[in-house]
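As structure tokens, here come the structures.
Each of the next two complexes has subunit A plus one more chain, namely subunit B in the first and subunit C in the second.
Take a look at the complex of A and B:
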């Protein structure tokens, strides 16, 4: 990575810097070097009882659904991106999402799942599949702002929130894999909030369109969070409020209730 | 299939590319390298370099659009994962060749107009034939067009340019070396992945062969435009004369533009025939009439 301090740059130079391959590589190099498939070879796997193992498989299968949605969404968004910097950023996101898919598939294999594609089909949360279809419809319709909002704000915030909650209680290998993924998600929703924030500020109609979209997605998001709470056994005192990060993100964009 | 596709995982790509041959590079070349003064001081040479680099940016933008579009059309996770790495490779190529435009003195605000001014119309038509298949989410035709035809062409063009630049412009040669390594991987995936799919879908052959014929037509027309009457068609000017610039047994410093065009076209078409045969397709010669 270059030694430039991005925040000391003017707006145009800032985007040249932070949306480049060079910046991406500098960002991921630190947490991917010596971590094949997302974790160090020194990290010791622990035996999981049958119930916990089965829950983890369901959770990972749904992470794969989310990452496939993000992979297909971001790859479609490369074509729609309005400028070269955004295209290059989206291309870095494509490879990030594909890496997440790969590390979750590898973890499923560690857990004894031989036919991951069949297992994912069997265990996929229907709400998440609906979300994926809705996102890809926006991409196919060429709606850059709506698709970036759905993907880089809603989906990424949803994943970030669930992964962070899961990381605190996960077995050591899954936790390490999740920490690498969380670092990427932070970059992705940073891009989404920045891009959408600037567009909303310039286009009042866009704000109302995105509010409508948010209303459409709310039920799916809350349903996915409810299911995640059950799968990850995040109940009881001190349990994280998964909806709060999502609400905070949409509020920052002026799209709250 | 699964075993061969494991060779194209993100993990392998991370180890081979960003953590391998790109380690310690800046925009694809060594830190501190710059364009030769002879190019920057001579307006005709600088414009020739901008014209050549424009074609590289246009070609890489097409490859970026195609590879990203093919992710959604891929029938399995492993192919999606490989195409994700290819998407980022192509985006990097767009970035480094765009950076070369800036290094050659093109102002950021003038980038798009400069590209429009110098882009070869036949190269744009070549890209349009491919992107039509991608838009239609036709995975088999898209991969043949992208990873066999486009990448096969790019691979050979870059090799020729790299040979021409090696001594007189190490910065540009180094930039090309990284892209050649990437293109080799992309062509390998195309050959390995698509052969079995063509065998399973023989009805697709006529349509794919037509696409290859059309793309080849526009490629040869691009070469003809680029070499015809151009004293510096491969961005290796007279300063390279006398240096070691041999490629495919021909001294590029002394070859005429016509000889270079024939050499490049012959090499690319030879590669096409070999690679298409490997995936069970017969090369279709375009009518240049």
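Take a look at the complex of A and C:
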């Protein structure tokens, strides 16, 4: 095994490494091997009471909306990506998002949902659907920076935060599925924050454009977080501050209030 | 001296530049390829005591590790979230990792 530590790499070598399919293979091998549909066959499912099962179905339906948005968004962004590393990374994200959608649909099936599409349409949060439409408009308009900000910073940070909070209270199978997804999400929002951070540093006009975009999206983000708190029953003492990671990310990018 | 949470079974030792050096072992972080796994570990939350060769990534909350103790100005990379950072003073006598864009 090599004794070179990652911190000794030059910046270019670092990005060549972490934005490669080779890196992606080595990473997902570590936490997805022998986990069909995101969980080990040894993990025991537990019976959920009707209220908890219904809440979980609603939550998973909304996860499917978010993952579909990211799948469609990232596939469009492959073409817009400004360099080869970004194209390759975005292709790995397409694969991740498709897998997320698949494992959440499989979990819905486990829970007895026969027609997932109908269930998703019935239970989808309108704010999340608005967000998806807005994201895809940015992709269709060819606006790489705005679309990456919306998808990889806002949506991915939101998903990472909600999934982590949910994983702590979920049934064993859902929790294991979520842990695999969370591991993928680190790459996605990290890519977004770093890409946008570099661009904002070089283009002051971009900062003001993204601030406007953030203002446009804030109401949707806050609404989605509020609804997630209710669905996941995360209220009361010790409840996580779901907007904290999002606020920290926009602050690091200089896009705070 | 209290148990150093970053030092593995081989322990920490000195080096010619006066920094403690560490023999790192894989401690179960599986989100990067095998060759890089020993340089990262999961964070245990606010009560998780960091060793002198460890920094918390402010972006993805993973602990980044090095074979030597960190000093102000050192560069470090979080591979799980692709973030470049530099070690800076936290203003209270400690060190933290700050994101570099």
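Annotations for the structure displayed:
In the analysis below, the second predicted complex is superposed on the first by the 250 of 257 C-alpha atoms of A that agree within 3 Å, B and C clash if a C-alpha of one lies under 4 Å from a C-alpha of the other, contacts with A are read in each partner's own complex, and residues count from 1 in each chain.
Note that a contact is a pair of C-beta atoms (placed from the backbone, for glycine too) under 8 Å apart; a residue touches a chain by one contact, two chains touch by 3 or more.
None of these values were measured; they are calculated from a predicted model.
On the superposed subunit A, the two partners subunit B and subunit C both fit, without a clash.
Within the superposed three-chain model, A:45 lies out of touch with both subunit B and subunit C [touch as defined at top].
When the shared chain is aligned, subunit B comes close enough to touch A:102, but subunit C does not. Applying the stated contact rule after C-alpha superposition, one finds that A:226 touches neither subunit B nor subunit C. Judged by the touch definition given at the top, the superposed model places A:241 against neither subunit B nor subunit C. Contact with subunit C, but none with subunit B, is seen for A:187 once the two complexes are overlaid on the shared chain. After overlaying the two complexes on the shared chain, residue contacts for A:23 are found with subunit C alone; subunit B is out of touch. Taking Cα centres throughout, subunit A sits at the apex of an angle toward subunit B and subunit C that amounts to 100 degrees, reported as a multiple of 10. When the two structures are aligned on their common chain, the gap between the nearest CA atoms of subunit B and subunit C comes to 12 Å. Judged by the document's definition of touching, subunit A residues 2, 22, 25, 29 lie at the interface with subunit B and also at the interface with subunit C. Those residues of subunit B that touch subunit A in the shared complex are 9-11, 13-14, 18-19, 22, 26-27, 64-65, 68-69, 71-72, 76-77, 80-81, 83-85, 87-88, 90-92, 94-95, 98, 108. Remark: subunit A residues 2, 12, 20-22, 25, 28-29, 32-33, 36-37, 68, 71-72, 75-76, 78-79, 84, 87-88, 90-92, 94-95, 97-99, 101-102, 105, 116-117, 136 touch subunit B in the complex. By the touch criterion stated above, subunit C contacts subunit A in their complex at residues 30-37, 39, 58-60, 62, 66-67, 74-84, 99, 101. Interface residues of subunit A facing subunit C in the complex, by the touch rule stated above, are 1-3, 5-7, 9, 11, 14-15, 17-19, 22-23, 25-27, 29-31, 183, 186-187, 189-191, 193-194, 197-198, 200-201, 248-249, 252.
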